[in-house]
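The structure follows.
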Amino acid sequence: MNPDKQSVGKRNTVAVIGAGPAGLSAASALAALDFEVHLFEKESREGGKLNQYHQLFPARESASEVMGELLISVDKENIIRHLGLGVNSIKPSDGGWAVHHGDGEPIRSDAVIVATGFDFFDARLKEEFGYGIYSRVITSVDLEKKLNEGRETLLHKGTDPAAIAFVHCVGSRDEQVGVSYCSRLCCITGIKQAIEMKELFPETKVYNFYIDMRAFGTGYEELYRKAQEQYGVRFIRGRVSEASEDAECRIRLKAEDTLMSRPLKVSVDWLVLLVGMRPGCSPVQTDQSFLGSDNPLTGNALPGMPGVYSAGCCSGPMSIPESVASGRSAAFQVIDHLNSKQ
Amino acid sequence: MKNRFGFEIQDNRQIDLDLADDRVNDEVSAIIRAWRSCLKCGNCAAVCPEGEGVYKLDLSAFLDLSAFQKLTGLDKCYLCGKCQLVCPRGIPTRFVIMQVINYMKEYGKAV
Amino acid sequence: MTKYWKDYQKEIAEDEFFYVRSCIRQNFFPGAENLFIDILRNKLGKAIFEDADHTTCTGIGYHSDIVPLETIMTVVARQFALMKERGYKNMIVSCVTSFGIYSEILDLWKHDPALKSKIEGYLKEATGRTFEEPGNMVHASDILYKFRQEIAAQARYRLVNHETGQPLKVVDHIGCHYAKTFPERGVGGAEFPQVLTGLIRAWGGETVDYPERRHCCGFGFRQYILQPSRGYSISHSRTKLESMKPYEPDLIVANCPGCSMFLDRWQYTLEETDGSVYGPANEKIPVLTHEELAGLVLGYDPWEIGLQTHQVPVEGLLEKMGIPYDPEKKYTDRSGRVIGHPEKIHNSICHESR
Amino acid sequence: MNLVSEGDDETLIRIMSEDTIWYCGQCMSCKPRCPRGNIPGVVIQILRMISQKNGYFIHSAMGRQQLAVKRSIGHNILETGYCIHPTRVNPDLHPEQGPVWEWMSDNAPEVYGRFDKNYDASGPGLLRRISPESLEELDRIFEVTGCKNLWETLETESEKQIDGKFAKYD
């Protein structure tokens, strides 16, 4: 490498917006390359959605341990953390960008990485499942919380649940709620959570209602098979059409077993909705969609904004390793960009 | 049978999982766990020389006893094992069929 | 684009209504529509007009497939033409199936203006009339929902057991065609319609949320019309009745005339078939339409609003609510002359009056 | 639905010649459920209409019943202006309606007259008699929009026997 070209680094400042897995990875990579990094996080602590999880698929690492690992990676002097501080907008400034935040003067930076993440689909919008109306209808996010809190939060009237059902594609691939895409991670989340339920309650019947199983990642298909074979989780091809509460406060489901071509009903103690991922809110948002890219196959430069890159789930549904890789990739695109400006 | 009002009230076609009699299913799955991992891809049915029996069996991981009783083709299986050769999950389908027939004799008396 | 039930609050006009009747409601609940008109005019002080020249919308024929879409569209366009000729803009539809059809037609015209022009041509050719779309088009139950508090303020009786003070447990059944096709046209959308729940709560009762609440009554149009397939129809009502039974409902209220009729009649048929009864204390569950419910609350005489035309007797309900009634006047004509008793009910009436 | 979206013409004609399409109750509960915005109930409506216009309906027992629907509901509409009328729901053919209906039907003028003086008379009101002019307009609408044509097809096609197979249904 030409030592003269090794000129970006110390005298450059980069803003990273969002301190979830993608933002933390981007900040860590940039700091290792001697940049001064301003890391903005609107919540009071780092981690984003990772803080809401219990164990991670497919290998079941503890979410808090993975979080710890990511936090150590950003424990560097040249990372200035702005916790509890949201970014309102970024505006072109002096060949770079002015980052306008909620507290005082804007911070001038040479490049920006947007890692604002995603929102979970609001399950109330799938009215037929009764989320927010029936107390025993919960989302996959609620279930992670319950798993963190312990087994007793999953009992029904003091006893083990007799049956639990998961519904795949809640807020994904559904014109009724204006979502055309697949959220990719819900299938494997459903598989993982079904196994967790079987581990806590071996006698409980666990059903997963799916349209297509999309277990695409490394180790995902293997986990799917394990759920079927080792744990006896029943995967039923057919979407749950309707959920209602019976006199015992259990949830009654109607579905079609499309492989048997027969309608089906079943009562469960918990109905878990595997909620999809929706575009989050970011200061560069122009509409309610995931952030696009000028070069979607080779990078993630935001269209018409030189020096601004997306990382992680703000550009589409990603797993944690994908978000981490996407954050690091954005960091290297920043270097390329600044080098090309020299 | 028509009632005195001139029509018949038919039973619901709906599968009621709350009332399902899973004994055959549970017994066979306990012996051949791999059966539960059936993907319902239909490979076995496509090569079956008998034509129908195995095709229905590949869905049967969810059949309860009454549904098994309605499977008419099962006893016609040649036990040729072709289905086993093509199973992407490597399920010993031939053995599954033999076991299902056995347990049906015990619980169902129909096959 | 994405809404949930709390967001579905439709616009309901205030006054000056053009009313179109329902075939089924007139046949099976003959007191209900005149009661509705009377409540609007005399309790709420609204103007409501009924045109003698309006006809059936042909909806039963359409949904049993012997009336093509273009035909029913032109018949509906004729009703719109009558409304325009009389100078009205706000339409109230009595029948839920008609309401669904009107909604479907307006939606199809919106997406396909050429289709609307074609229908304009048909109507002109067949009748010489021209029409305009209604400014506001609602179901009759929407109107009672809108004015439910005004009615509550004038209420003489409440949906409360007058002896125990407990609210009555009321099953609400919404006709499928009220909002399943167009959730935005129903108060509360398709899954958790509020239109009848709103009435029940405002008038002191409690709604029963039972598992098959959203299930169809089973009318099925041709399935009921043709005797051999009536088993289809009754089995759906049975599904609903079995599902509500554990909650011991005091009353069923439906906004669709077909549903009201079937939930009433099929209780008789099921009892005759296998002895099944679905209400508390081994009694059948009375079924009221939304107009009849309002009428009782407002203190109308049960026999003047047609409750004797129900197959399931309503006397038990009247007693729970503390509403007085005269058994002698149940089966009389306009002048008070007794016109005979329905065969099987005869005995029980004698028994009661003894 | 799978057969409808993927089937060739031959499959579709077979479907339209069988009982299955006639089972739907047209409640449209399918509409709020389809994740791809389809309405199977409307697809069935369309298949039924094609089946009737092309005479496929006469090959199935349930399809052949359409003639009875036409002769009851259809004739009610053009003759009375109502889809159903108290004088046309015969208690003998509707035992499931129960004794109250029998009483109403037997005493229709008195029962209906109690609620509205205009029952079966001119002017507005409960089951008022629809004027000859209005019935005439309905009739012309049915002519102009092709419903009469459909009905003629139902009548003529239904005369055809299919190997005497359905004699008991006709």
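As written, the chains take the letters A, B, C and D, and residue 1 is the first residue of each chain.
Criterion: contacts are C-beta pairs under 8 Å (C-beta built on N, C-alpha and C of every residue); 3 or more make two chains touch, one makes a residue touch a chain.
These numbers were taken from a predicted model, which means no experiment stands behind them.
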Note = Chains sharing the largest count of C-beta contacts are C-D
Remark   = Ranking chains by how close their C-alpha centroid sits to the total C-alpha centroid puts first chain C
Query = How big is the gap, in whole Å, between where the Cα atoms of chain B centre and where those of chain D centre?
reply = 41
Request  = Compute the distance, rounded to whole Å, between the mean C-alpha positions of chain B and chain C.
outcome  = 47
Message = Could you work out how far the Cα centre of chain A sits from that of chain D, in whole Å?
response = 53
Message = At least two partner chains per residue is the criterion; list those residues in chain C.
response = 190-191, 214, 227-230, 232, 234, 269
Multi-chain contact sites of chain A, meaning residues that touch two or more partners = 128, 242
Task = Would you give the residues of chain D that are in contact with at least 2 other chains, written as numbers and ranges?
result = 32, 96
Ask   = Graph of touching chains, which shape: line, ring, star, complete, other?
value = complete
Query = Can you name the residues of chain D that touch chain A in the complex?
reply = 32-37
Query = Any idea which chain A residues touch chain C in the complex?
reply = 122, 124-125, 127-128, 130, 133, 177-178, 242, 244-247, 252
Note = The answer for chain B against chain C in the complex is residues 2-10, 12
Key: chain C to chain D touching residues, read off their complex   = 21, 23-24, 26-28, 30-31, 33-34, 50-56, 58-61, 63-68, 70-71, 73-75, 78, 100, 122-123, 125-127, 176-177, 180-181, 183, 190-191, 214-216, 218-223, 225-230, 232-234, 236, 265-266, 268-269, 304, 306, 308-311, 331-334, 339-345
Request  = Within their complex, state which residues of chain D touch chain C.
outcome  = 22-29, 31-32, 39, 45, 48-49, 52, 62, 65-66, 68-70, 72-74, 77, 81-86, 89, 93, 96-104, 106-107, 110-117, 122-128, 130-131, 133-135, 137-138, 140-147, 150-151, 154
